[in-house]
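For reference, the structures are reproduced in the following blocks.
Heads up, the next two complexes both have subunit A, just with different partners, subunit B and then subunit C.
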Partner chain A sequence: MALLEVEDLRVAFGNATAVDGVSFSVEEGRIVGLVGESGCGKSVTSLAVMGLLPKGRGGRRAKAPEPVQAAAAEPAPGAVKAAAAAPQAVPAGGGRRSRGGADVSGRAVFDGTDLLALTPAAMRRRRGKDLAMVFQDPLSSLNPVVPIGRQITEVLERHRGLKGAKANQEAASLLDRVGIPDPVRRLKEYPHQLSGGMRQRVLIAIAVACAPRLLIADEPTTALDVTIQAQILELLKDLVEDEGTALLMITHDLGVVAGMCDEVNVLYSGRVVESAPVRELFARPTHPYTVGLLGSIPKLDLPIHEPLTPIRGSIADVIRWKDGCAFAPRCDRVAEACVDGEPPLIGSAHAHRCVRAEEVA
Partner chain B sequence: MLRYTVKRLLQLSVALLGLSLLLFAWFKALPGGPENQLLPENATAQQREALRAALGLDEPIWVQYADFLGRVVRLDFGSSLSSGRPVATELADRLPATIELSLAAMLIAVGVGIPLGYLAAKRRGSWLDFAAVSGSLLGTCIPIFFLAAMLKVVFAQELGWLPTTFRLSAGTEYTDVTGLRVLDGLITGEFDVAWDAVLHLVLPAIALSSIPLAVIVRITRASVLDVVGEDYVRTADAKGLKPSVIRGRHVMRNAMLPIATIIGLLLGSLFAGAVLTESVFSFGGIGSFVYQATTERDYPALMGFILVIAVFYVVINLLVDLSYGLLDPRVRVRK
Partner chain C sequence: MSTEPEDVTPQGDAVIPAQRVEEPDLPAAGPALLEVEDLKVHFPIRRGVVVERTVGHVRAVDGVSLSVTQGGTYGLVGESGCGKTTFGRAVLRLEEPTAGRVTLGGDDVTALKGERLRRFRSRMQMVFQDPLGSLNPRHNVDMLLAEPLKVHGVGSKEERRRLAVETLDAVGLPKTVLERFPHEFSGGQRQRLGIARALMLRPDLIVCDEPVSALDVSIQAQVMNLLDEIQGEFGLTYLVIAHDLAVVRHLSDRVGVMYLGRLVEEADSETIYEHPRHPYTKALLSAVPQPDPEKEAARERIILKGDLPSPANPPSGCRFRTRCPWAQDVCAEQEPEWREAAPGHKVACHFDL
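What follows is the complex of A and B.
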């Protein structure tokens, strides 16, 4: 049994589906990547696992407008129009708390407990202790009016019962561990007095303060300089290897994946389209989306002024996996079979969601 | 922090100097001039000249300004035209009443406004939010004198729950320490006097608090809505902190920054509102004095009032700026 087992996770914000049945697992002590472009649902997935999404009215069970969509099979244009309009009417009556709230369904089993089924209070007791998160933008993720020392000790106080001088001492040693020089003096400083890299180190210190078993890092290096990026990644890698912590690495940077991860899950339009051990994925990308992602990386050995190879089009706002592959509109090798029903996930160790993978490869 | 304080103090003296210039100019621009008020209609030109010389009005304008400044610094605003007593004494007698009333109104506005604004933001879109927002709109729309009169009619005259006028019941013996009756009662241990003063304060303070309360509700609501969407609040949530800690240390400490500024500005403006409220409740503060001075064109009294209010405004804003320095470390360190 893996440490974290996410099964058929679905997240909808009112009418818009952000995550449409994501499943993956993270084994103890492994580094697992969640890769995809902006809007593919990777951050929402991590926030859902952490229980950090605002609660929607519909509770845990997201109501997909399936019956209405089935009616759209009728070719009459009037019927199609009605079907398109109907789903919007459903959540509008959802009630007062639905604004901005997320409807989450599926399971996220962490060490035998479904995190999504926990009460908010029970989840709060685990967050920051058993599982912790490092965020994208270190400046906005730290409270500007509270000294960083306090921002570290409050989590020590909450989950480890450390107070006063003891907590301060532990905070200083945490800062030291994440490579911040002169940690005792730094404790009294505010986030704006630190550099970007330092701030991210502080956020990492906060995340590892209670020795979590799972660390989720949501694009931890996106807001940093390239030179600092490497240091932060190295730090993260060292920390999880020392402690045997599992790390879920969320990124759009395949370079980061190649350098850090043991396994990779490629997300597209709210679903995993390919998942494989990292070497296997880079050696034999199977889904056309993965192939496109790898193809669009700039290569140093290409001649100057050689245009890059982007994936054409952009990610669609409305996710349609029911009617066929969501990537089909952007895919170069699309065929009849691609838009004939939902593509299944094929394979186990190296799984993909492309019905034509065999023919094309 | 010391550098910041000194810098703000210097800015403050410049503001006060500018203010004295403005007031002096206003005084000079008044039609007529004092000789017309002091001399009979048939006075000769010689008599006028003599008086102007006696008052120093034939001196160059900058000498007159220096003279004016010298008197202001010594708190010498001249004598009230209606009562004949020195304006400074009149103001000093009445100031504590207005301060007490303003503080009570601000206490209500802050004590009710901040929690209400917070709840409205947290339950955005609920009936409570709707009630708070529309109630605060109403609060800014109702004229103070009307609200004061209505409160008086309903709660004092019809229901008889609270006294109609004055600061204490007739014939109450009290010891004057600070001039703030509630505080005095508490200091001297005359708790019955303090309670009596509180009862007399309730209605005027509610009337006076209507506008600041409405403003604070709206600012708090907007500020909290801003802050709860910030990444650091999500970080605090990701730490698994208790909701009370997230609310206090992470949401409200940041949300307080704009609220503190507004409270300072409102405290100054309360004095203007006090003019009307005090008149309705015969509260005997600076407000009713100014009301009288305005209707009787008592210029020295008005001048003294404006100066005192202006100094209050400036000092309060200094305090707000200093508290800003305490609340927001970024202000302190930036050059």
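What follows is the complex of A and C.
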């Protein structure tokens, strides 16, 4: 049993489905990547697991059988319609409408407990202790008017019962652990006094303060320069190696994935389209979206000025998953079969969601 | 653009000075369109409540010289705060240079004033990083594209529209978008509009400041291919400013690496990636994650310690010495000269690494 098992996670904001049935698992001591471009649902997935989404009126724990599939009208077979920018409609069951909140369903089983079924209070006791998160933008995730030392001891007090000098001492050793020089002095400083890389280190220190078993890092290095990115990635890797923490790495950067992850899940339009061990994925990318992503990246060893092979269109060109492959409108190898109903996830160790994978490979 | 034949074998050990035969590279042979000599942009730091005094200067750009060949692409890379954007803006006189000279096709841009400068601007345009922030949200595409022509009094209304349609076609947008507004477009399409607007006056030089960094990977590739295509079509010369080494390498013939307001290395784009000579370039290159797990496992990383020093108070001697893994005593005492380590390959380092 994996440490975290996410099963059929769905998140809808009103009529817009952000996550449309995502399943993956994270084993202890492993680094698992969730990769995709903006709008694919990778961040929403992580926020749902952490219980950080605003609650929709439909309730986070909507356990009722999915009304999604049944309620919608049957699509005209084979109709590839680029519903430009139209969010995928999800009729909320029983007329329940959420305003601004998220309707979350599915399961996220962490060490035997379904996190999505926990009460907010029970989730608060676990968040920061058993599972913790590192966000993309360290400046907006730190409180600007509170010294960083206090922001670290807050976690120590709450989850580990450390107080006063003991907490301060522990906070300093945490800062030292994440590679911040002169930690005792730094404790008194405010976030604006630190550089971007330092701030990200502070966030990591807060996240690992209670030795969580699962760490979720949402684009932890996107806001950073490449040399600082290298420092932070190295730090995260060390933490995983030393403590055996499981790391869920959310990123758009396939380079980061290649260097960090053990397993990868590629997301497109709210679903996993390919999932494989990292070497396998890069050696034999199977879903046309994965292939397209890899072809779009300028590499340091490609001939200069050789045209890249981009994916045509944009993420606004999409069809609903239940009508067919959401990627079909942008896919070069699209055929009738692609828009004939929901494509299943094929395979287990190296799974993909392309009905024509055999033919086009 | 010309792709050099790949008959240069990569050298395994980079510390040994590369014994490579310089082939006559075509881009460098052409005449220079843009020449920048010892450009400096210093921003005063002012303190004081009643009477403001200048207490120091942020040396954003501190003596950069380079030249861009006609029809070529010069890529300027560096991390945030290295002064690359300020440099690009100073070249276009969007920022007033403190010292130095910029010439475009022989005309001294830095000496121009008032009306003559305004007219001259039609020859040099800019593509910005954030396409939404640089397009007026209340103007439709027709107005956005016609504006530069109106400002410079080009053509009649009909001619302006014809030019707009022609340019839209060149950047891959249908003429049906003329009536639409920026918010109706996706990020990639907006960047196409930004490029179309820069093209409207058929400039000689386009400065692209982080042209693809706000875009998703699949869209990045589309825009990079577009920049390549229109370069030949419109006979453009590019100065591409970016932090992403792979993007710069892909677009440029010649690459300059900036650190704390200075160039530390400059060479042809193939050479600089295969035989980087400056420790900073080496570190930058080694820090780029490659989308290939095999290479990632083998990649030798040079992890730089610490952060960028303040450009208001740069380190003595070599500016990179505080983070350089190979720093010696001499690096703190003497500033390394900007020397030609090999034909066409300039570097500012005391050592031959």
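One rule holds for everything that comes next: the second predicted complex is superposed on the first by the 319 of 361 C-alpha atoms of A that agree within 3 Å, B and C clash if a C-alpha of one lies under 4 Å from a C-alpha of the other, contacts with A are read in each partner's own complex, and residues count from 1 in each chain.
Here is the rule we go by: contacts are C-beta pairs under 8 Å (C-beta built on N, C-alpha and C of every residue); 3 or more make two chains touch, one makes a residue touch a chain.
Predicted, not measured: the structure shown is a model, and the values here were computed from it.
Q: Considering only touches as defined above, state whether A:E306 meets subunit B (first), subunit C (second), both or neither.
A: In the superposition, A:E306 contacts subunit C only.
Q: Name the contact category of A:G255: first (subunit B only), second (subunit C only), both, or neither.
A: So A:G255 only meets subunit C here.
Q: Name the contact category of A:K163: first (subunit B only), second (subunit C only), both, or neither.
A: neither
Q: With the two structures laid over each other on chain A, which partner does A:L52 touch: subunit B (first), subunit C (second), both, or neither?
A: first
Q: For A:Q193, is the partner it touches subunit B (first), subunit C (second), both, or none of the two (neither)?
A: After superposing on A, A:Q193 lies in contact with subunit B but is clear of subunit C.
Q: Please indicate which partner A:Q229 is in contact with in the superposed arrangement: first for subunit B, second for subunit C, both, or neither.
A: A:Q229: touches subunit C, not subunit B.
Q: Per the contact definition in the header, classify A:S141: touching subunit B only (first), subunit C only (second), both, or neither.
A: first
Q: So, does A:K322 touch the first partner subunit B, the second partner subunit C, both, or neither?
A: Neither partner.
Q: Applying the document's definition of touching, compare subunit B and subunit C: which contacts more of subunit A?
A: Looking at subunit B versus subunit C, the one contacting more residues of subunit A is C.
Q: Overlap of the subunit B and subunit C footprints on subunit A, residue-wise?
A: Shared contact residues on subunit A (touching subunit B in one complex, subunit C in the other): none at all.
Q: Where on subunit A is subunit C touching in the complex?
A: Those in contact with subunit C are residues 37-38, 195, 197-198, 225-231, 233-234, 252-259, 278-279, 282, 292-300, 302-312, 314-316.
Q: Quick one: in the complex, what on subunit C touches subunit A?
A: 1-4, 6, 79-80, 186-189, 216-222, 224-225, 228, 243-247, 249-250, 252-253, 269-270, 273, 283-296, 299, 301, 303-304, 307-308
Q: Which of the residues in subunit B end up touching subunit A in this complex?
A: Going by the criterion above, the answer is residues 124-126, 230-232, 234-242, 245, 249-250, 253-254, 257, 327-330, 333.
Q: Considering only the defined contacts, which subunit A positions touch subunit B in the complex?
A: My answer: residues 50, 52, 96-97, 99, 123-129, 132-133, 135, 137, 140-147, 150, 154-155, 158-159, 190, 192-193, 203, 206.
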